[in-house]
Every structure is written in structure tokens, then in C-alpha cells.
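Chain nomenclature is as follows: A, B, C and D, assigned in order of appearance, with residue numbering initiated at 1 for each chain independently.
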């Protein structure tokens, strides 16, 4: 469905980096909810470019709700969220528009769209489109929060710097998650945070960029949400995560580390202690595509920002002659600290959609 | 869509491990194709349990096409594929049916389905349902092959044994892929293969199990297939991969290894040599969700088979009392060699669906 | 989605008139339901060919459930329903296979499927595929019945014979509906029934056929089910109704008779009497796409069966030369008495799907 | 999918009658098309309120494209179309907001949305949302026109006044269609037009309203477009038509008139004359859900506008006490002349979507 996703909750995104307006239509949100506009604003702020470690393009990212919201409450009709682009410098892209930028969608889009795509700032492929996703995600998070579900991520690794992983113990985990959600740069260990900032600044100074791995936790999802096979919780969440630009890998629970385990190590033993629980959580809270009540644990890798200032070898879009690309404009030496907010947002949308679909089974109770 | 997936090509699966019949409805396959029944059979054979490294449940897996096929050719109507279950030993599950099997869907399904799920052999959550997926994938592969697209996987790692990765050079890669597709146990390096078999047999002897990582390549997909955001090639393929039981992580191109790279290392430089190419292929053939003409490279982790013979601590489904589970029946000490075929199959279905959707743009040429 | 329909409840059909097997995969039915196999059988019986007014092809239409049903209860997994074809006379179609049958899908399918469609008995376009739809509908009806929802249709007109319309008064209406659901030939007025049978037999004697109009009522749907715009109750139900072969018109409430009314006549005044009600029901129980608690009233026209024995002018499929078509085989002079059951079935599937989607809003109560 | 519709072409609508902004996201339009902005404007003009026979709410309906359009051409990214509401008089609705308006969605929406819907001007249920549909339809029409497909409707009946039906002869039909597309009030016969205007003005003077029947033709669709069963051309088009407010009946070809025909009258004989044709066109260009190359013929009934100035009996939304409703504000005594444009628009969207899906089959040619 291209730019629309979801079963009970539909998200439709549109817009380009240098267009007038970007936005999202969020359909399926129940009526009667007073949106926490302050929270939406905070999420938008967290996603914003910051200091020397981010692009100098500073967008206001003011969220305007044009439909589905009346007298301070959702109406049940589709919520139209608009965000104006205000800080485009389109001229930066004129000069290099025929030089295919490595690791960007320039070439693949050029083939698909026969040369008609908007090249400025990556057009529709821009990370800017994650701004409306963040606003939509904030609304989903608010509903999940009412149900006791919280989501948080931190930067687990950035180049060779490693943060402490989220703890397993629930009370401590909750505190860590809360803290991460209050931070601009979500890193658990303070020294790791300083080291990461240094790594990013160094990359900025070098005209280069870095990526990293995000560790996310979704806490409070009860057992029984998700589907076997095609709408497994993993399928839905990975579908959404891989739609975030720069994501190139997703794992649940122990993920790729399962490869070296034996079954007797990997199997999570069940026990009962004020609820059904597992002693370990290698499966990351999901068995057979369906939640088991344990925390959902996800790791997502964000590749280094493709836009770097270092000269790069590439070819001309039309002549295919070799050319040197010297990127102009304002770019992020790292986006992982910003992508964190987007990852949390799509996770919220995915979990809420699966939850809402699961409600359909209650047809028999009513 | 629960048990149905796809946009232009729809796959609907059904069945349980110990039911009479499992199957798939494959809708959207063009009319007029003489199905390569021999190839379908070969794929089914490759997926079958083998020797000491697999379960002793030996299913005939005879594929019966009951619709959409007439006078030896597809008709354009939905293709109904039925596979009889013939070798169930349901009694094996009677005794332990109330003991929640760790890492299986037993508990999460029990909550979702309120205790009514078919517990025998995992019911609908069984890997048996990948048999019809394999048959459907074989049909997709045949169409892709006509377009010059081939898919192959090998076991990159199994516990601590590592195979040689697929080579980058295309002519050699093609040979490797061809060879892997002819093997029962797809490992490039002969010594690695022997070592892996040993590891698996050792696990079998220990009443334990192992998993591993599959490396897959899709060769021959031209540039321009896929969509930005929600129907990105990565989103669609990961959605399908995570619907395969035991898959817990998926990465494209350099995947999680991107985390330690700088942009200048990670960016794939474009050049022209009888077509647009990139010197490296860290992005695994996909930029911005759309193919760039380079080989699509994917790694998928398969967790160790949850069914192990070693006694395991768990709880009773109803009383929640602690119990020791001693699994009966016939189980695979490893499924990675069989999962390989399923992974190739869903990749074929995903690529064909994206390709077919992309054809819709040709509305303007017609 | 071609042969799959539904949002919370998915129906996937497959099969051909002369294939081995036809069937349906019904996904989304909650777990724990003891299916009323006797009722399914009754519905299949009602849809069957009968006496001189129907085809002499007598199919057993034995429903076999191959998945999603365990120990006498639904499991929550997709329900696979198989029906064997047992009474094909394929030879009847050999001789005339190149003569395009008027009002059938022969020509349009020939273009779409490039000549590869199964021509025998209309192949996938056959009314036989409504047998699995009937089985699926019977399951939906059972769930609706638990919620106090009943569905019934009668033959309102057949050629120039008109039956009495369903009454408006609810207690009497219920009785009429119950009676219609017990009849093989659903006509309210006994004289009208005799006249209709005579009209059909006359058509049979003439080698001709007839159609007619079905009037349907869905009783007991509470207010608030449905969606504005694209998933309006009318949109969903008409979508399903027009997928039934031979349906060429659908209206809700006063339908086409609205054209001659003024607003003051057409508007249904609200009043309260042990619930919110309307004095008239011109809108057929639906306002703005959403149910208002009044009976849902629908009329559906069934065109005369295209297969008639009278010689017909047509052309050769390949040469396009004019030819006379003399249809062989066994055909229905009327299908309206059988279509009635199919119409009820798809209405049940549509209402249940909308109901189940509506449950997703309860995410906020949970 | 609530407010999103389509398979290859997705239409997502949003907005309310008295909100700031209404709009549509149109996704799937191929890249490289210079949009005919003048034509879009003409279509918006035709849909506008006119003279004494329409509401006095005069909206500018200025179409603003905010995405998917660059340097005067479509880019392939979703086209965001925004229309500002400029002429709301919300105060008109304050006084009567608790009086359930008969034949409106007030009550059904109140139940579904638990009282939180935007009541002003019908909120999201307003005919205003058909303005963005009209803009989206105009883009679809432009693409269809390039393929030789045209769509036109006229008012066949309005109360007791009947227009001449569209002629069957193709050259004359084309002229009639062209003429209807140039008219503000689409009536073929001049006297009928004058009579209809008189009927509407009389209704306006009486504080009442009228409806009528639209006859539509889609010309130039080649044979082979559509699907059997659930995505039949009739299913898709009726789905869209019934999503247009006030539509309560849809028929194809002879529609309800089939009821009185015998098969020998109803069957359309095939002949060849510079292409495969049928002598009659009772089936309205569709056999088995798939086009047969003949003109697609549709009739759609539009119920009388529910908003009338005459006092009406109804109940209070909260107390359920009987009250007299005296509607304030500006309302249309008829909308059929405006609905005509919306009907053409959704038909264009439906045909283009089916066409684009059909292209997926060309996977085998490429």
C-alpha cells in the first residue's frame, strides 16, 4: 500500500523535503480523546536537529491538526496533521542534481520515476517525512500509555562506543526508560554519551558521518497480541521499522546472537510470579508472532548518514560519466539520536494497530 | 491480513501440524504458465526432513493443485495447492499438552485463542505450514527465473562454525548460487559443512538443538522495483521473513555491521560498466526502499529449534504450577538447512509481488 | 484483492466448476465456537438445485473442514472448507468451447486470461463457487445469531409475478423471516409462489430462463456499525453482493424509489419508544454509511440465467465468424431461489466484518 | 479501510464541513504527468453550488497541491491536495445541535463516536468531502483520457421529470457525453432540463428538496479489465459509488429491469464489426466482473437532500424527548446536478485502479 500502512489504524504519509508541506492522515483513532498537544510537541522537539551533531537546517516542525479534532477532542474521523516546511535551501541542490549521491535513493528513484522525482533534499525519500510519523506516533503513544504501555529506546552503539544495554529487572528498566524519554541524546551511560558525542563531532569535522544501533523496549503489552504468520508482531513491527530511512537491520530479543546458542540456552523457561513470566527473555516478548507478556525487545541498526561533505566518486545521472560529487547544503553527521524518536513512533503505531485488530475477536463477548 | 499477504500477488495459508490437510491459495499468477511440477517437487524435497539431523517425521509432501490449473497451464484463477498430512503421531502430544513449551507459541496462543488452539505439534504455528509456502514460492521462482532473477541461500553460520560468505564477483557468485540450489545442505565450504553436520548431530545426541544464520542473494532484479516508505523492498521482504517461524532477525547488505562504519566507508560509489553499478554493495541492492540493480543481499537468523529432549522447567497451562517438561515425539535438532528453502520461497513471493505492483505504473505506456 | 475480501474477517475463495475441488479459507473467526454443522448443511441444502426449476447437475456439496477446527470447536486459525466437485459432465462443453456464450464471462475472460481460462462450465466464474461462500456465510450467521442478528430474503419479483414485500412491523417481520428461512422457495405469498414456479417451468419448457429481485432484511444490528465513506455499510455490502454472479443492481431502503420523493417524504423521523427508532425506514437502516438500529433493507436484482437452450447468435472465439450456439449440458432456468441463500451469506459476512472492525474502537475501554 | 480506498491507486480523504481544511492524498499516480490544472478547476466549478437551485454557501474550492508535483509534473510520490474551507457559518448549527436531523448521520454517528463527532454541517459526513474526491477524480480522468476513455453522466430523472436516456449509437453517444461534460446542469433534453429546474425551484420555495437518478457511461474501456468475484468491476465501482453521500442504489446495464426479462431477451449477442461487440448492452459492458469492451452503463440514485427547511419531528440527542427541528443555515434543495460530478470522479478512480491492477499481469511480457 505504498504510503499507507495499517489494518485497524491507518497511517498515510505525504510530502517532500522541499515542498510546502508534509503531513500524515491518521485514521482509526477512537473518538473522545483529548490529545496531549504538549507531548506531541515534546516528541517533535526530541526529533529536531540539535547543536553541532545535527544539520543546521532548523525546522519549526509546528504540528497543525486540520481534521478529526473538535472542541479539544478526537472525533473518530481521520486526523489530518500538517507540518509546513519553512527552512528549505533548494539552491544547494541545483548544482549537484545530476550527480547521483551514493547510498541515497537518487538512482533507484530515477529509474522508477523516470527522472521526474523531486531531487531537492531527497524529495519524498527524505528523513523529513519522519516528522509527521513522529506526530502520529505521539498520538498512538498517548493511547498506549493509558493502557500502561511505554516505549523507549537508547543508542546502544555508535561506531565503537557501546552504551550499557537496558537492564532486565523491571523496576530498574522502567526508570531507565523514563530517563531515556526525557533526554535529548538517549544514552544510558554518561561516559558513553560523551564518547559518542565526540565520535559524532569528529565525524562532522572530517566531513564524514556515523550510524549505530538503537535498543528499544516496549513495556506493558499483555500476552495475546499479534497473529501467527503474516501479521506476526515481528512482521508488522519490522515492516514499519524498515520503512524508516536508513534502517538496514532489525532483530527481536537475542536476534542474531541466537545463532551461537543451543536450544537449551535459548529457550525461555516459564514460571509464575504474580503472572506468567519467563526467566530469560531471548525471544524478546514474542512467541509465534504473538506477545507473551514479557518486554518486547528490539534492536535496529541505522546506517551512517549518506550525505557527507568528503568528495565522493560517482557518475552523472544522464551521461553516466564519472564525476566527483561534493555535497553542498546542511547535513547531519549522525541521525541516530533523532531516528530514536522515529523508531519509538513507528513501534507505537504498530503495537496499537495489532492491539486494535485483536479487539475484533471480542465480537463474541459483546 | 493475518494469513493472507500481498498486493498484486496474494498468498493465503491454512492448516495445522496434525490436521488432515495444509495448503495455500496463490492468487494473481498470470494465465498461460506451464508450471514446472518437477521443480516444485525438488523444492519440496529440499525442505524435507533428512537423515539424523532432522525430525523422524517423514511427510510425503505431495503437492496437489486443485484449482487455477487446466490442461497443464495456469488459468489466471487462484491456484489452490493442497498437501495432505500423513505422518502425524498426535498421541505424542497428549501427555504434555498442559505443559507450556518454552520458546513455542503455546502460552501466547493460549491467551489469544482462550485455550482453544490445536496444541498438537504446535497446531497452526507449526513449521509444517511452511510446506505450502515452499510450493507457492516455487511457482514465484519459476516466473522470476524467466525474467533472469535467481535466489539462493546458504548456511553462513551454525553455532560457532562459519561458512565462507557468498562472493561479490558476479560470475563466481552465480556458480555458487547454482551449486547451493542443488545441495541438500547448502554450505559453500566443504569443511564447514562437515563441521556443521557434526555440530547438529552433537546437539541431537545431547537432546538439544541449534540455529544459525542464512545468507541469501537475489540476483537479476533490475533497478526501480520497490516503493519508498511502507512498501519498501526491505519492509515487504522482512514482513515475509519474520512470518517464517524461528526467524528473529533480518538485515540487508551490511546490516548491523553498518554501526561501526563511517559514511565514507559505507557509501557505495556508483560507476558505469555496461550498466550502472556500485563498487561496494553495503546497501544490499536497495536504496531508499527501491532496488538499484545490484544483488539483493539478506541475512536471516534462525533461532535454535525450541523442541529439545532435555528436561525443561516450565509451568502447567491451567494451574500455573511449576512442572518439568520432557518433550516426546519427533523433532529437528536443527531446521536451518530446511528453513533455507522457506526463506528463498518467501523472498521469491515478495520480489514477484513488488515487481507486479510496479507494473501498474505502465498504465501510461499501454 | 481479487479472491480475498474483508478487513477483520477474511474470505478467500478458489475453485472451478469442473475442477476437483472448490473451497474457501475463512480467517478471523474467533476461537472456541462449536460450529453448527447441521445449520451449515441446511444452508448448503437450500442452495442446492431442486426439481424441475433447477439444473439436473446434482452435487452432494459435502462440506469438509480441514483446518481451524479442533475437538469440535474453532481454534482461531483460518478455517479451511473444502467441497468436492462430483458431478461434472465436462464433455458437454467440448463441442461449444469456441462459441462465446452471450452474457457469460467467456469473452471478457478470454481477453483477460489470454485464452487460458478453464472454459468448462464457466470455470472460476461459475455459480458453483458460491457453494463455499454459502458455507462461510453459515458460520458468520451463527455468530451473528448469538448477537441477536438474523438475515432473511425472499423472491420479491420473478418476471411479472410480484410477492408481498416484507412487512415493516417487527414482530410480524420476524415471523416472516423465520418462515422464509425454512422454505426451499422463499416467497411470502402462496399464490405468488405458485405463479413464480409456473413462470420458471414455462421458461424451462421454452428453453429459456428468468431472473428476479430479492428483498433482504438484516434484523437486530444495533446502531453505530459501519464507517463513513469508503467502508460505509452500503459500500461493503454492495461490494460483496456484486461479487455474486448475476447480480446487476443493489439498492438500500427505498433505493431507486427515492428519485420520485421529496425530502419531506423521504426523511425518516426519529422517535423514542424503548429505543431510538424511525417512523419510516426509507434509508433502510443506514445513515451516513453507519447503521441506525432499524432493519437493514436491501434489494438485489438477479439477471436471467445466461445459459439457455434456445439457439443464439454469437461468434467463434478464434475466427470471430458468426456461429449459432446451441448450449448443451444441464442448466438452471432460474437461479434466484438458489441465489437467495448466497445473498444472505455474503450479507452475513459483510455485517460480521464491519462489526468486528468496529470492535477495534474498544481499545479504549480495555 | 475506512477513509482509504484502492489497490494500485490509493485515495485517502479527510476533513470536515466546518474544519479549516479538507483534502485527499492520491497515491500511485505515475511520474511525469503534467496535470491539467485548468481541467481540475473546471471539474471543481461544475461541482460548485449554483444559483437558486443550490446552497448559498459559496466555497472557493481552490485546489492546492502540496506534494507529489514538481516543476509542473507528477513525481510518483503521493499527491497531496488541500482545499481550504472559507465560508463556514458554524453558528447556524449551534442551536439545533442536539436535535437529530432525520436522514442524516447525526444519530448513527453519535452512537459510533460516542457523542464526540463534529456536528457542524455534518462534520466528516458532509458532502464537502466530495470536493477533494472531485479533484482526485479529475486527475484520474486525465490519465484515462490519454487512453481514450471518457466518462459522462446526466440527470435521467428528477422527481417525475424524465430526461432522454443516453443513446446507444457510439458516435452520437460521444457527442452527447461531450455536451453533458460542458454543461453546468447535465440534462440531454432541453425541455426536461427546464422542467427539472422548475421542480427544484419549487422544492426550494416549499422548504423541501428533491433527488433523482443519474445515468453514467464510461466509454473506451477495452475488454479484459476487472476481476472475478471480489474485485469485479461492479464490486469496485459500487463500493466507490455507495461511499458518495446520498447514493442509495446502483445498477449496471439494464439493472433492475432484468427482473422482467427472459434470458433470450437479456442475453447480449456477440458479433464482429471492426472489433468484438454485442448487439444489445443489457450487461452494461461487464460480463463476469470483467469489461467486455462495450460502454459501461451505470445508474445511481441520489436521495433527496435531507436538509429541508420544513419543520420536522425528531428527538433530542440526549434526552430523547420529542422536539421539532427547524433547520437553519444554507442548504441545497437538490444536489443531483452537483453529485453528477462526484459520481464521474469516483468512476474514474475505480476504472483507473482496476486498469492499473490489471497491468500487474504484464509481469510476463516485460
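The rule is simple: a contact is a pair of C-beta atoms (placed from the backbone, for glycine too) under 8 Å apart; a residue touches a chain by one contact, two chains touch by 3 or more.
These numbers come from a predicted model, not from an experiment.
Put simply, the chain farthest from subunit B by mean CA position is D. Counting C-beta pairs in contact, the pair that comes out ahead of the other among A-B and A-C is A-B. Between the CA-based centres of subunit A and subunit D the separation comes to 38 Å, rounded to the whole angstrom. If you average the CA atoms of subunit A and of subunit B, the two centres end up 26 Å from each other. Put simply, the C-alpha centre of subunit A and that of subunit C have 45 angstrom between them.
Residues of subunit A in contact with two or more other chains: 1-4, 7, 13, 28, 31-32, 76-77, 109, 112, 124, 228, 361. Per the touch definition, subunit B reaches subunit D in the complex via residues 7-9, 28, 30-33, 76-77, 143, 146-147, 228, 352, 355-357, 359-364, 366.
The residues of subunit C lying in touch with subunit B in their complex are 1-4, 10, 12-16, 19-23, 25, 27-28, 31-32, 66-68, 70, 73-80, 82, 109, 112-118, 123-124.
Taken in their complex, subunit D has these residues touching subunit C: 1-5, 7, 11, 13, 100, 102-109, 111-112, 122, 124-125, 129, 157-160, 203, 206, 208-213, 222-232, 234-236, 238-243, 245, 247-256, 258-272, 276, 278-279, 282-284, 286-293, 299, 301-308, 310, 312-315, 320-322, 358, 361.
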